[in-house]
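You will see chain A twice below: alongside chain B first, and alongside chain C after that.
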Partner chain A sequence: MQGLGRLSQEQIVFGLALLLCAGFAVMLPGFLTTNNLLNLVRSVSILGILGVAMGLVVIGRGIDLSLVALMAISVAWTLQLVANGMSLPQAVALGLAFSLAVGMINGILIAYVEIPAIFATLAMGIAIYGFGRYFLFTLDVIYMPESAQALQWIGQGSLLGIPAPILAFIAVCAAATLFLRWTTYGRYLRAVGDNLPAARITGIPARPIIVLQYMISSLIGFAAGLVTAGSIASMNTRVANSTMVYDIILVVVLGGIGLSGGRGNVRNVVVGTLLIGVLLNGMTIMNIEYTLQNVIKGVILLTAIVIDTILNPRDEQTAQQGDI
Partner chain B sequence: MTVLLELRNGTKTYRGVPAVKDVTFTLEEGEVHALLGENGAGKSTLTKMLAGVVQPSAGEILLDGKTVDLPTPSDALRRGIAMVYQETSLVPSLTVAQNIYLTDDKHFHRLRGIYIAGQQFLQSLNFHVDPTALVSSLGAGQKQMVEIARAVHHNARVIIFDEPTATLTPEEKHQFFSLVERLRKRGVSIIFISHALEEALQISDRLTVMRDGEHVITDRTANFDREKIVRAMVGRTLSDELYGAHAERKVRRAGEKVLSVQNLSMNNIVRNTSFSIFAGQITGMFGLIGSGRTEAAKVIAGVMKRDFFHGGQVRLFGRPVRYRVPRPAVRDGIIYVTEDRKLEGFFETMSIAENIHLGALAGGQTKSWTVSIREMKAIAQHWSEALSVRALDNDTRVIELSGGNQQKVVVAKALVQKPRLVIFDEPTRGVDVGAIAEIHQLINRLADDGVAVLVISSYLPEILQISDRILVCRQGRIVEEFEGRKADEHTIMYAAVH
Partner chain C sequence: MRPIKTCMIAATFALSAGAVLAQGIDDPTRAEYFEAFKGKTVAYVPVAMGFDLTEGWAAGLKEALEPLGVKFEIRDPNWSTDAGAQAITSLISEKPDVLVVHNPDVQSYARLLKKAEEAGIYVVQVNMRSSYSTDAFIGADYVGMGGQIAERLVEICSPANGGSGKIAVTQGVLTAAASAYQMKGIMDVLAEHPEIELVSNQAADWDATKARNIAATVIQQHPDLCAIAGFWDVMDVGTGAAIKESGKDVYLITQGGGNQSACDGLENGTYSEVVVYNVPGQARDMANMIKQMLQLKAEPGSMKTTLFTQLEFLTKDNMQPGSCWKMPSQQ
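Showing the complex of A and B:
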């Protein structure tokens, strides 16, 4: 137990992913090909990008349940604007501004009005979806108009044989890592997530940092939306009502970013994403039913958390404070 | 009088540190026994042993002359020993009657039955509380009545009160005393922890004083007066060794007036208080817990907000300031070092270097928006050496350090911000003896360098040893000021207790 005790959840999950990889490689003939592996990462890269957005918020001891709804509505609106004859850059700028504004409202509600993040963003997600469907466009699937074909590259293009969504995932990860480690605001974000009263007393602008964290998550969410729209040449706004947001939280928690704040890195999101990717890919090749796949995902999450709790028991303090 | 309850040679140590040392305490049948002493004298620990809340490390508890084992509070209650806490242990969302009969129901809950029984029971005690009222809607005095009713309902023969009058209004206090009188007539024995000497003298039959975890004196109340109690409370043995004779040191002269506070008020905790703090000297602020000293400091540093109307005035170097958040206060050079470092002091997931560096970032010592690891290491190196933080290296997480070293990191995080006024709130709480001396040296050095220093403490020897000037806080107000060495423990304690 002594040696095992040093393993973090991140390492456990990474080990689990490798183990699954090895298993699939032996059992499934088509698994260990360059093509399939690229496909595997590509299929989860949007989930990964959203995971980075959620991860940053969770490190700041928040949660953003409006992430998927906001992504769907702001990008769908962008496509609608292009279809209505606006130029692509202009439409993207408007969509981005809309996304950032909603993120800012989220942050203000949480930091200044002091509503718990889980309620503020849940309500915001519902409101944004309704607002978009009622005021901005009428159909629930917005197809990419001819004049927005330039967007298709980030969904379907590739560079040096690597699909663009994977490149986008890598870029977002790199930017988030730089932000967390090398900028003052990244440090502040972690400090606020670790201990809000201490951050306040130290003189960190705690409330602006909380607003910033939701704006960043909206920004990354918008980027993920563009990749989505590019790869399927449309934006299906019904994704806002799907379980996607839970999948994102799954990736974040699975990778080992504690919901109690302050802990974790972009690395954790990558590891969580890889495990889910391997799992989904393998199960799809094995032709396992979608509903059964959900059962397996849930069991894997519970297993990872149980192992983590046994290996790294929480002290009295965290047990008292709870995780959210 | 026969002895009802006795703790014989009781000792309680927390992680090797004794809170109560070899104390023998007896409670006679039908008496009101007052238990007095400074903060940390061991009063609460003593009574918690009797109520089964904590287990004695050594010694035994005797009830009716027979040794008893009290592993939990409910075991104590079953034997008739009940404790009424300062912060009430009632369930706020239930009604009065539900609270009184909370543990009686086996499986089902009969509301009508307990309301009728509750009405009769409360009347028999002459308590004017509606059994159907929600506990959350009651005032402090009424809540206490419900707690007492619950204790009596469980046939308590011994009721222990921990600072029962601290939260009561004068009128409620009066009611409380007549209630104690009624309980005594019913044959209930009472232990009464208090800071209020007059009350203890007024209602108790016997009186025990504790100091530094040891028993000092027990005698009939009639043989005491205020002077004698105060002398028993502060007469020192152990602490003299640590703090030495304080009279030797020279007193620093007051420099420029850094902060002046006029008629500061906040929520009835800080009440219309006025004082000043000067550069190049250490101002000690003494007050018992609940005297509003921490709150006054937090208002000055922007951690709490003063009252919007009639909140008074705070001037920094003659300029009126009102901080809504700590950040502008920090930027103006007012730094508050918290009394609770775990809750609001350090960042537990981070290393020593990251903690100290965050102080520098937030204090505006580094202007760039990017982080330089080399700079972080240099700052951390400099400060952990200056404060002799003992750790493997500066990448060690703060949570893994000892209390004293954690405190040094919190202090370093504050000092890196180049303060002009530092407020230390209980700077040596939970800190080992060696680190206490080091932290005191550091505070002295700060004052020698011309910084204005305010040290808040509820430990008299610390205040006397370190202060050039002493303010005494009582009930949200500075009630007395002593210059230099003119104060002694008795006069300060006399001013601080009501």
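Showing the complex of A and C:
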């Protein structure tokens, strides 16, 4: 155990993903082919993109439960506007503006009104879904109109054999990594997440940084929504009521970004996403019954967390306040 | 004087008789008919509002019943079975005259529906039935429909007809009547056709994204897949997108209420074939059933009627301009 003691949760999860991969590769013919691996990553790339958004917020010691609802409503509204005859760029601009505005309100509620993030965004998610369904459109699935076909490339196209959603995932990961590592605001974000009072004393504009973090999350969420809409030629606003937002948090936490903030990287999200992707893909190939799939998924996720708890036990230093 | 008097009387009679004929005669059943609906209430609890089926039924019921003075109420549980059960429970105490229920699965509402009937409320179930039979069920015969779909798949995919024999099924929510009954119909037919191999049988929870991912993996794993049977057109836009993206020639047979989006999907090649249970037709069937109940005034729960909706197999070739219907918001 001593030698293993230095493994981080990220490495454990990555190891588990590799182990599963190896197992599937031996057992399932056709698993370890380029096409299937592309397909595997592609099927979780939207989850991954949203994971990056959530990851950034969590690193800043927040949480964004309105992420999925906001993505669904803002993109569905965009499609509705195009269906009503607006030009595509204008509709996308309006949808994006709406998304950013809601992100800003989230941030203001959390940073200035000082409502805990979990409550502010939970309420905002419900409010946005209701607002959209009541005022913006009547149906809960909005189809992509003919005039928005240009959007389909981002969901169904490919470049050099790599499907566009994977490229979008890579782009979002790269941008987020650059932001966290090389920009001042990225470093501020981590500082605020690690220790808010200390960050404020050193002169970091803590409140604007918190607002910024929710705006970034709504921006990435909107991008994920466009990829979703492109890939299934419609936007299903019902996802706002689904457990998707918990799947996203799971990807983030599983990859090793602590909910107590300040720790973690985009790499953690990628690792968490890959484990989920490998699991889903393998189980679909094996044609495992849906209910059994949930059991297996749950057990493997628990295993990862148990291994981490054994190898990296909580002590006074690691168990910070706010760690759920 | 006498002849003049006679003439006048005769003329008066002639005039009044003529007047009666000119004014028409009243239909003796009319008053009773309209009386039967005065002050009645019909409550409607769908799985959720906001999609073609439930909006279409609501519009059809409203159109047929409201002019008669029937109050039509919608309780929208928005995909939550708990909220739906609460809505039905509170309706039982509010006592509407008729309850129209669209069941999310075969179990959840069964006892509540029985209670409603015992409380003196007529219960009409639409399209997805509960394990408890009530006064009326209007909807597709899912077991039969599954059988017919399986036979289409056999016809298209049988190696004897040049197909690979490999098919996949994408269900909705596993416990929904539409999934469970239909699967039985499909399996019964496939049992007689060992040459057809069901390579994947997965549930996508009525969600297009899940359906897309399942289809993509199955096609990838079985490049010679012949056909996919999906259980709802709204969900199968995802399946269709995965097929298009793979560039493979996979026959997609799906099903739905025959909304314009289904015809659009056939037109642009998203679906190969759509099995349609006509929603406006179902709404008319329900309205007629309700009109009959309110006139007959039988004890709720004393009669059990099933009306299976006629199915139509639409393809790009047999589709016509009026094959699909539109909602007011689509026009």
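Assume the second predicted complex is superposed on the first by the 318 of 324 C-alpha atoms of A that agree within 3 Å, B and C clash if a C-alpha of one lies under 4 Å from a C-alpha of the other, contacts with A are read in each partner's own complex, and residues count from 1 in each chain.
Following the convention adopted for this analysis, a residue touches a chain if its C-beta (ideal position, glycine included) is under 8 Å from a C-beta of that chain, and two chains touch if they have at least 3 such contacts.
Not measured: the values here are computed from a predicted model.
A.B. asks: Identify whether chain B and chain C fit side by side or clash on chain A in the overlaid structures.
C.D. replies: Pair status: fit.
A.B. asks: Just chain B (first), just chain C (second), both, or neither: which does A:Thr177 touch?
C.D. replies: Touch status of A:Thr177: no partner.
A.B. asks: Considering only the touch criterion stated at the top, classify A:Ala191 as touching first (chain B), second (chain C), both, or neither.
C.D. replies: In the superposition, A:Ala191 touches chain B alone.
A.B. asks: So in the superposed three-chain picture, is A:Ser8 touching just chain B, just chain C, both, or none of them (first/second/both/neither)?
C.D. replies: Once the two structures are laid over each other on A, A:Ser8 reaches no partner at all.
A.B. asks: Classify the contacts of A:Asn39 with the two partner chains as first (chain B alone), second (chain C alone), both, or neither.
C.D. replies: It touches chain C, and chain B stays clear.
A.B. asks: After the superposition on A, what does A:Gly262 contact: first (chain B), second (chain C), both or neither?
C.D. replies: Once the two structures are laid over each other on A, A:Gly262 reaches chain B alone.
A.B. asks: For A:Gly30, using the defined touch cut-off, is the partner it touches chain B, chain C, both, or neither? Pick first, second, both or neither.
C.D. replies: second
A.B. asks: According to the stated criteria, A:Ile204 is in contact with first (chain B), second (chain C), both, or neither; which is it?
C.D. replies: First partner only, chain B.
A.B. asks: Specify the partner with more touching residues on chain A, choosing between chain B and chain C.
C.D. replies: C
A.B. asks: Quick one: the Cα-centre angle at chain A between chain B and chain C, nearest 10 degrees, please.
C.D. replies: 130
A.B. asks: Considering only touches as defined above, state whether A:Asn287 meets chain B (first), chain C (second), both or neither.
C.D. replies: second
A.B. asks: Smallest separation in Å between any Cα of chain B and any Cα of chain C in the superposed model?
C.D. replies: The answer for the closest chain B-chain C C-alpha pair is 34 Å.
A.B. asks: If you lay the two complexes on top of each other, which residues of chain A touch chain B in one and chain C in the other?
C.D. replies: In chain A, no position sits in both the chain B and chain C interfaces.
A.B. asks: Residue numbers of chain B touching chain A in their complex, please.
C.D. replies: Answer in residue numbers: 301, 303, 325-327, 329-331, 336, 338, 342-350, 354, 357-359, 361-363, 366, 368-371, 413, 417.
A.B. asks: Which of the residues in chain A come into contact with chain C in the complex?
C.D. replies: Those residues of chain A that touch chain C are 30, 35-36, 39, 42-43, 46, 133, 138-141, 143, 155-156, 163, 228, 231-234, 236, 238-239, 241-242, 280-281, 284-285, 287, 290-291.
A.B. asks: Going by the contact rule set out above, which residues of chain C touch chain A in the complex?
C.D. replies: 48, 50-52, 55, 78-80, 174, 199-203, 207-209, 212-214, 216-218, 220-221, 234, 237-238, 240-241, 244-245, 261, 264, 270, 329
A.B. asks: Note which residues of chain A are touching chain B in the complex, please.
C.D. replies: Within the complex, chain A touches chain B at residues 181-188, 190-191, 194-195, 197-207, 262-263, 317.
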